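Next come two complexes built around chain A: one with chain B, the other with chain C.
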Partner chain A sequence: MEANKLLFVVERDVRLFFQYKFLIIMRAIWFVSQIALFGIIASRLVAVPDYFPYYVSGLSVMSLYSAAIFIGFDIYEEAEHGVFEYLLSLPVSRRQLVLGRSIGGGLRAFIYVGPLIAVSLYVIGAVNPLNFLLALFSLFLFAFGVSGFSITVAVMIKSSDRFDILMGVLDALIVRLSTAMYPLAYVTQANPLYGWIANFNPVTFASDLFRWGTGIEAIITLNNPLLPLLGVMLFFGVFMFLGTMIYDRRIEGGGWQ
Partner chain B sequence: MKAIIHILEHDFRNFFRYKWWLVGLISMNLADLFIMAIVYNRMLNPDVTNTIGGYFQFFAPGLTVTGLFASAFMIGREINMERRREVHHYMLSLPMTRFELAMGRVLSGGLRGMLYMSPLLATCLILLPNVPTIEQFLLILAVLFLLATGISGLSIAIAVSTSSLEKFITARGLVYYTLFFCSSVFYPLYLIQSLASSGFPTVLITLAEINPLSNASDMIRSFLLGYPSFSPTMVFNVVVFSVIFTLSAAFAYMKIIERK
Partner chain C sequence: MAPIIRITDLTKKFGNVTAVDHLNLEVEEGEILGLLGPNGAGKTTTILMLATVIRPTDGTATVGEYDIRKNPEKVRGLLGIAFQEPKMLWVSTPWDIVNWHAKVCGLSTEERKRRVKEVLESLEMWEARHRNVHALSGGMRKRVEMAKVLIQRPKIAIVDEPTAQIDIVGKHRIWNMLTELRDEGSTIILATNELYEADVLSDRVGIIHRGKMLVCDTPKKLKDSILGGDIIDIQLEEAASPDIFQELKKFKDVVDVLQLKPFNLRIYLNKVEEVIPKIVNMLTKKDSPIVSLRMTEPSLDDVFVHYTGLTIEEAQKSGE
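Take a look at the complex of A and B:
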């Protein structure tokens, strides 16, 4: 019964996401044009072997990241339109509401990116089923972690404009300072500080694990998949906990206004 | 002329209301230049390096055009919002002709783009090896202004033709991805042309060749980097784009916002 209530919250967030039809179309156009135009041409621009499948797999993780971030925007919409009061009046506990939102935010991102991952797999080719399942699991955790991160930032910043700007800047920095677009060796060569940051970046962990799972780890020099897996789990744990705790505190007594 | 200046003042005041948005946009542009371009510099194919030099230098003019595009396109978002909130009735009630109103909006979009782009162009002037002559510098400014006006016109034409913000954003995304990825902003034009032998659609290659973003980026590169060589076609393509979209935006703005 308690789990059912949690599922209702998750279901609501998943349904809400699929109302943004134009946004979904736009992201799909972005994904396809990145593969069909940027990916193909950039693979001729660089001297990295097999750069095209490398880039396509990184693109899946970037899409997952930006879809999971979207839950923060929903929180602002709800605060502006008075939906918060409705949510608080529902017969679910605060904890179920908060946890449900984090899970819903991650799950809907995963459902959305699912077909895009299928496109990536088609482009990349061979897959080791066992590795791939582990990589998928880590992507799940990554999506929930990003969703928790977005909720944490959204409830700490009260202006939707500032949130929009901050997430844009963070997106630019987090994605560019990761191995989503380029191998770690080149990032480190470019600037050791960039390489150091990329080493601890959750987008790096998720990208490397996804590539390992899809069998193109030869160009990522991933010696031990356990380390990025632990990194993703830590990221998930910290932001699920933080997001849940801060959201839980802020929703009482009009703290979101 | 006075009426157009009032519209410019109105739109510039609005522009500076988004100061945090502008700071965010600049940060994203700088992240592209000082992170992505530096890393790609290390990964560059030796054949490409021989042709273009470094990626960082190659990308800096492309980034200037990217910034110009994003800021000049902002006017469309504002006009779309005015239409949805019915502020356009107030704009239509102002004591000026429809043409003055429409041209003022197109011009202000373009000038705002120029203002935003100027620090990025200054970065190119500092970091790229060649120093342009006065004539070359003035030609760069003129072409970028025409490009900004054309982009502003394109965004206004989309803004008045779409009824919701979501549709506007979707149309903007479609235009953005097509124009940017099919251009020499991120990679040299010859690489796109070389895809013809691999069955890449010819229409996309032609689009990249006539794309005003390609032409403006390559013109800056030709003066500041020495690659590719300058061709009057670069200026011609931008002029054609600007004339078409400035006039169609003015016409669309005058006709569509009067409806209902």
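Take a look at the complex of A and C:
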């Protein structure tokens, strides 16, 4: 029964996300436009060989990141509509509630991006099934980690406007200082500090693993997939733990009021 | 039998504002306890503390056998709440809301389906079950909020202004459903600022004002506690003589007698049901026929004025 309650919390967040039909449709249109317009045009400008599939795979990870961030906005929405009080009054433990939300936030992002990943795979072509499964697993962890990260930031910042602006800035920094859109060698070439930061960026880990899994790792020269895998696992562990802990403390301290 | 809820010195401060001030109260199992007070009196804060949503600054309460500070999860397992403001995101539908609520509260699939349909139908929300919340009126949203508790049938149901924004037919329907819920074994805490609602539904009424519990008893006893609270208006065939005036004042439970017009008397008294035959008898003996006689009991409004010195409207304004 207790495990069921955790699943119900997860289920709620997943179902809720898919109620935002307008957002989902617009995001999907944005994703397809990015591929059909920006990807095709930019790949003609860039000297990197096979940049188009490279970009498409990076775009999938970026979309996953954006969708997993959305749970933070839900938290503000709930505080505004008083739904938080309702959730806190339910016969569900605080831990179940917090953990369920982190998992739900990641899972729904993954479900949403799933079809987009399928589009990516169709565009990219070749797939090594075993590598792909491992890459998919790492994307799962990445999505949960981003969800925990979003919850952590959302409960630390009381204003939804500030959260919105901060996430925009973080998105710009985290995504741009990663290998989502360009290979690491080019980032390092531009500035060694950028390259160093990109090396430890979870978006880099997820993007590299996805490309490795889908068989286009040649252009990123990923020698050892274990390192980004460990990186993703660490990111997941830290933010699931941190998000859970901080959310839990804020709830108990009445910080949502 | 031990009370199902025992509140001891419960206090909540928000900064310098004391929302609930050393509140003490016992709620018996199976009763409907009305918490009567204007907005801002501390009813909702008390409810949120009982539901372990917010922590008390001081004092505590036991719900069932569990302390709200030590066993909040166990406490929440006994409770079901219908909030004052419907708590729902605008993209949700009534069906999603109540169905998910029933799941989390542990109802089996079969029972859940049956009860969700039954309650939504009786609240006339079945047709609108798949409409988004933003398309519903305030009253419909309130009904969805109430549906959660009615489907859950918790051991202790807390309903905060359950019929606000609901039309008179809907009010009666909800009152009947709350009475049924009580009859099926639930204990109900009804927070309200509607005097009539508190009067007709509650087995006992507690008056809260500025975070303090002023008095708590049955509506009858609260009304009887006002000396001279009962009123009899008598119209006589002829003008009342001074002799009748004096005789009336001699009755033990008569507090005051006023002559509104030459033929009209107003008598303030206690225990109207015991005194009235004696008055009628006296007037008959004095050969002073009665044209009409009207009895008025004090309302909870009078009780509220008696204990707070303000009408509930005045208290509401002073609390804003």
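What to note about this one:
Keep in mind that, in the parts below, the second predicted complex is superposed on the first by the 256 of 257 C-alpha atoms of A that agree within 3 Å, B and C clash if a C-alpha of one lies under 4 Å from a C-alpha of the other, contacts with A are read in each partner's own complex, and residues count from 1 in each chain.
Everything below uses one rule, namely that a residue touches a chain if its C-beta (ideal position, glycine included) is under 8 Å from a C-beta of that chain, and two chains touch if they have at least 3 such contacts.
Remember, it's a predicted structure, so these values are computed and weren't measured experimentally.
When both complexes are superposed on chain A, chain B and chain C end up sitting side by side without clashing. In the superposition on chain A, contact of A:E77 is made with chain C only, not with chain B.
For the three-chain arrangement built by superposition, the Cα-centre angle with chain A at its corner and chain B and chain C at its ends equals 90°, in steps of 10.
Which of chain B and chain C touches more residues of chain A: that partner is B. Of the two partner chains, chain C is the only one touched by A:E85; chain B is not.
By the touch criterion stated above, A:Y20 is placed in contact with chain B and with chain C alike. In the superposed pair of complexes, A:S93 makes contact with chain C only, with no contact to chain B. Of the two partner chains placed by the overlay, only chain C lies in contact with A:F8; chain B stays clear of it. Superposed on chain A, the gap between chain B and chain C at their nearest CA atoms measures out to 11 angstrom in whole units. Shared contact residues on chain A (touching chain B in one structure, chain C in the other): 20. Across the complex, chain B meets chain A through its residues 20-21, 23-25, 27-28, 31-32, 35-36, 38-46, 48, 55, 164, 166-167, 169-170, 173-174, 177-178, 181-182, 186-187, 191-192, 194-195, 200, 204.
By the touch criterion given at the top, residues 48, 51-55, 73, 76-77, 79, 81, 83, 85, 87-92, 96, 100-101, 103-106, 132 of chain C touch chain A in their complex.
Contact residues on chain A toward chain C in their complex (touch as defined above): 1, 5, 8-9, 11-12, 15-16, 19-20, 77-78, 81-83, 85-86, 88-93, 252, 254, 257.
Residues of chain A that touch chain B in their complex: 20-23, 25-26, 29-30, 33-34, 37-38, 40-42, 44-48, 51, 161-162, 164-166, 168-169, 172-173, 176-177, 181-182, 186-187, 189-191, 194.
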